[in-house]
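In the part that follows, the structures are each spelled out as structure tokens.
In the two assemblies presented below, subunit A is common to both, partnered first by subunit B and then by subunit C.
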Partner chain A sequence: MFEPEFDLISRCLKREVDAEYELYHRFASEMFGICMRYAGNEMEAEDILQNGFIRLFCNLHQFRFEGTFNRWVQLVFVNTAINYYRSNLKFNLEVELTDDQADETMEDALSILSTKELLAMIQALPPGYRTIFNMFVIENYEHKEIAKLLGISEKTSKSQLHRAKNRLRLMLKDIER
Partner chain B sequence: MKAFEEGGADQLLRETMEGHRVEPKRLLWKEISRKLMWKELLHFNFTNLSPKIWLAGAIGIFLVATTVYFGLPDNTHDLAAIKPAEKMITGNSPSKNIPALSSASEVAKVEKENTGTSPGIYSPLQNRSVEKSEKTHFEKGLISSLAAPDMAMKSKGQLSHEPVFVAEVSDGISKNFPAEGDLRVGPTISRIEPLDASLLYLPPGTDTIIVIKNSNGIFKFRKTSPVSTQFFSANLGFTPEVAFYSEPDVYSKTNFWLNGGATYHISRFSVATGFGLGYVYDDGKYRVEYKSNDSVGFFTGVTSYTIGTNNEMIYNTQTVNIYDSLKHFADSRTKNRYTYLQVPLLFGYRVFESGKVSLTFQVGPAISLLLDSRKSEPVIEYRNSRIIRVDNDTPSRIHTNWQIWANLYFEMRMNKNISLYLEPSFKYYLRPMVTRENISFKAPWTIGLGVGIQVNFGQKTKTP
Partner chain C sequence: MEETDPIEDKFRSSFSDYEKEPPERVWEDLVRELHPELRPASFWSRIPMFSLVTNKPIWFYLIMGGFTFSLFVTIIYLSSDNHHAIRGHAYAGDVRLHSGSAELFQVADNVLPWDSATHYRSAIIDKYGHFQFLRVKAGKYLLRVAPDRNSDQAKMYLSSWYDRFEKSDSCKPILLSDNDINVEVHLIQIAK
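What follows is the complex of A and B.
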């Protein structure tokens, strides 16, 4: 960790408002990007962002200066987003898993989309699909970790991911038409 | 986390979405900041409370206090305004016919209709004589304490509250009421002691009657609504105190405080607030690393030699010191001065009052704010040495702290409005005053002795 960041965290721990604002300013847009991925719309994303920053400032003392601070902040926001939807997450267990045969087709379709369009597609997924899709594909969690964090089985995690990808494929097909 | 094992769509999505930034609305920070503030307030952390809120709070408290004080109905008894037909006796203004009871006074038999022990005073029933059939037994000790003490104390001018006790005696009975000190009649005389005035009080209810009967007459007292004496006082004083620290080092420091405060008194109870402005001195600790050329040994060197008379070699030697550049560590101390503001909220109860002296026990929380720090720079000079680095090991001072105060407030009245006070105090900090990474500190406690002057004003008796 570079010295200015250490200094900034120390000042935040002393509850200096200027330092808190500086930290917010440094991470706000990146974390809002994460929130937008997990949220169904901008208002929900703003709620998650607020909760995330409050959680971040209240738990800053738990950061042990092990690993990068940036990664720690990301984890705080991902966990906040998961908690935000935890009560609303509904998972359908009955699904047959198949190979992602259409992955290549999907890749071609995705490559022509802008980030904004991709974000809109992800936001259009149901909360359960969206959460697991984000955790697995973007945040790079394993199914085992997702299962533990969400309190579900690995099988459920895999099935929800499968459904999320199928839903995205359908959306892409619609766009191609 | 899983490795980047799968390629294709997942990888593309990850690369596209990872690090994607969206600028949030500007107002969001205000909302977050406001929520953080409330979180801090709930944890009694007032560090970031804006001066506007402090000012608004102070004005609010002032307005509430003023409204309460001036808004309460003022039923102060004005003895001069009482009709001449209603003969009154008070402790310190005995009428011609009805003298005040003194502590030396004694009455014979006492009877009552109702008794109790909570706040209230007595005024007599008018034009009603007590029949013998009305009598119920009344403990002599209680009636003694009920009837006499306040009157007795007031007659000596010892009580500050006026009037605490108003009594009227039925016509016909008062006529023959004897002069003060002449109440000694009858076989069963009970002494009226100047007991605690609080024992005078009876439970609410206007029907409560006390009858004091002696051969000179029957005196009936009816309980009226509670009376409380309310007034403000302001004080200014000086408090030296000793603070005791126990961890990591055991030591004590002397601090000095300039105190000012305002107290609102209602009967025996009081609420006090104010300020304590204090200077606290503490050491600044620095660890100095330096190098110097030091003697690390010596050897004996031959400077010359000569041939002796027997052809022996005679060596002339001298001791030569060996110097080397050595690293040293030293501690350097400075004197730092910290200015604190303490604002207490103390709840008091006057446990003792006699003549000009009273003793009040006060307890309550206080907030301690670090206003200013004046730190001296270390002056490090080591001869023939080179300073490599200086580390500041001084623990950081916490800006906001909470304390629990417990005081004994001895007040000595010089006159109606001016008092001197002596105030032994105990303060316990809820958090350590300093913090430093990897070092555990314990919260200190202090004992102090305050002295100062108190001004009383706005004193009045109220019967709601």
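What follows is the complex of A and C.
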């Protein structure tokens, strides 16, 4: 059974390495999953994971036991991932002229894809599309929150999501062929 | 009724509980960054330099020649780029911290510090409370000092952000531009 979070966090605040190890192992797999979605490849995901844990351990005082610890940890890693690509996040407002409607063949292609293949599709997206797609679709951020976190307008966030999905549709059409 | 998007649905359901085990080296690197005091001694510290130069004088001239040359190259290199040092002392109350570590985080200009803090480097705090980060590129940084967890000072003082802040979102950023910077970091005393 897990050690109560309060005790574990208190021991981490005292910089006990075994407590840090326990906390690391409790969250590493889940957070590495998040990092893999935001990163372009596994090496970058490892960098983000390490940076995220350094931020986490150095900012444990910030956690006030007001929400769930798990959600707070997720936010730290999503923020770290955003920062990792901050200088590469380029957003432009041109609208791609692709059909927005889902067709049946695309849904068939979607249904047979494994998580590993879906991950490869996300990682193939440009950092800007990938970040917004992850934040909106998987982390359930609203466009308003995304806009605030990335320093962009809500309109840009919506347009980038639209473009990201169009890019994924094109990839699916390639897979169908 | 709200229309659902098959792409969103598929990705959301596939990644809602997605996990992947990271390689063990991530933890090893993490410990090295968080606890610089646990790092093994460097290769150079194991060389019996003193006996080498006294027993074989030729080594003395070779080492001094190499050292002078390296110094010359380093001075030219350092004078040509925009890197500087952040040095300072950490204090636990009125006395200097006897041991611990300092963490430097780089932050972006136009966002809240906490939102953009990225770990830059860590350094050991020596017995005189001194720490230094050499060759830091110009920019905006946050600094955090942690006492050695086994020391008596750790029982009375918290790890703190520059200067005397518990949280990174309210701490004072350090702006590094054209000169080296000296800072004094004071740790927060644990309430009795």
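Keep in mind that, in the parts below, the second predicted complex is superposed on the first by the 163 of 177 C-alpha atoms of A that agree within 3 Å, B and C clash if a C-alpha of one lies under 4 Å from a C-alpha of the other, contacts with A are read in each partner's own complex, and residues count from 1 in each chain.
By definition in this document, a contact is a pair of C-beta atoms (placed from the backbone, for glycine too) under 8 Å apart; a residue touches a chain by one contact, two chains touch by 3 or more.
Worth saying up front: this structure is predicted, and the values here are computed from it rather than measured.
In this superposed model built on subunit A, subunit B and subunit C take up the same space, so to speak, and clash.
Legend: residue contacts after superposition of the two complexes on their common chain; A:E20 is shown touching both subunit B and subunit C. With both structures placed on the common chain, the touch criterion links A:R55 to subunit C but leaves subunit B unconnected. Contact with subunit B, but none with subunit C, is seen for A:E142 once the two complexes are overlaid on the shared chain. Within the superposed three-chain model, A:N79 lies in touch with subunit C and out of touch with subunit B [touch as defined at top]. In the superposition on chain A, contact is made by A:E46 with both subunit B and subunit C. In the superposed model, A:R37 makes contact with both subunit B and subunit C. In the superposition on chain A, contact is made by A:G151 with subunit C only, not with subunit B.
Here subunit B runs into subunit C after the superposition, and of 131-139, 275-283, 293-301 or 401-409 the stretch doing so is 401-409. Common to the subunit B-facing and subunit C-facing surfaces of subunit A are residues 14-15, 17, 20-21, 24, 28-30, 32-33, 36-37, 45-46, 49-50, 53-54, 57-58, 106-107, 110-111, 115, 118-119, 122, 137-138, 165.
By the touch rule above, subunit A contacts subunit C in their complex via residues 13-17, 20-21, 24, 28-30, 32-33, 36-37, 45-46, 49-51, 53-55, 57-59, 61-62, 79-80, 83-84, 86, 102, 106-107, 110-111, 113, 115, 118-119, 122, 133, 137-138, 149, 151, 165, 168-169. On subunit C, the positions that touch subunit A within their shared complex are 5-8, 10-12, 14-16, 18-23, 25-27, 29-31, 33-35, 38, 103, 105, 108, 110-111, 114-119, 144, 146, 149, 154, 158-159, 166-169. Interface residues of subunit B facing subunit A in the complex, by the touch rule stated above, are 1-2, 4, 8-10, 12-14, 16-25, 28-29, 31-33, 35-36, 39-40, 45, 47-48, 396, 399. By the touch rule above, subunit A contacts subunit B in their complex via residues 14-15, 17, 20-21, 24-25, 28-30, 32-33, 36-37, 45-46, 49-50, 53-54, 57-58, 100, 103-104, 106-107, 110-111, 115, 118-119, 122, 137-142, 145, 165.
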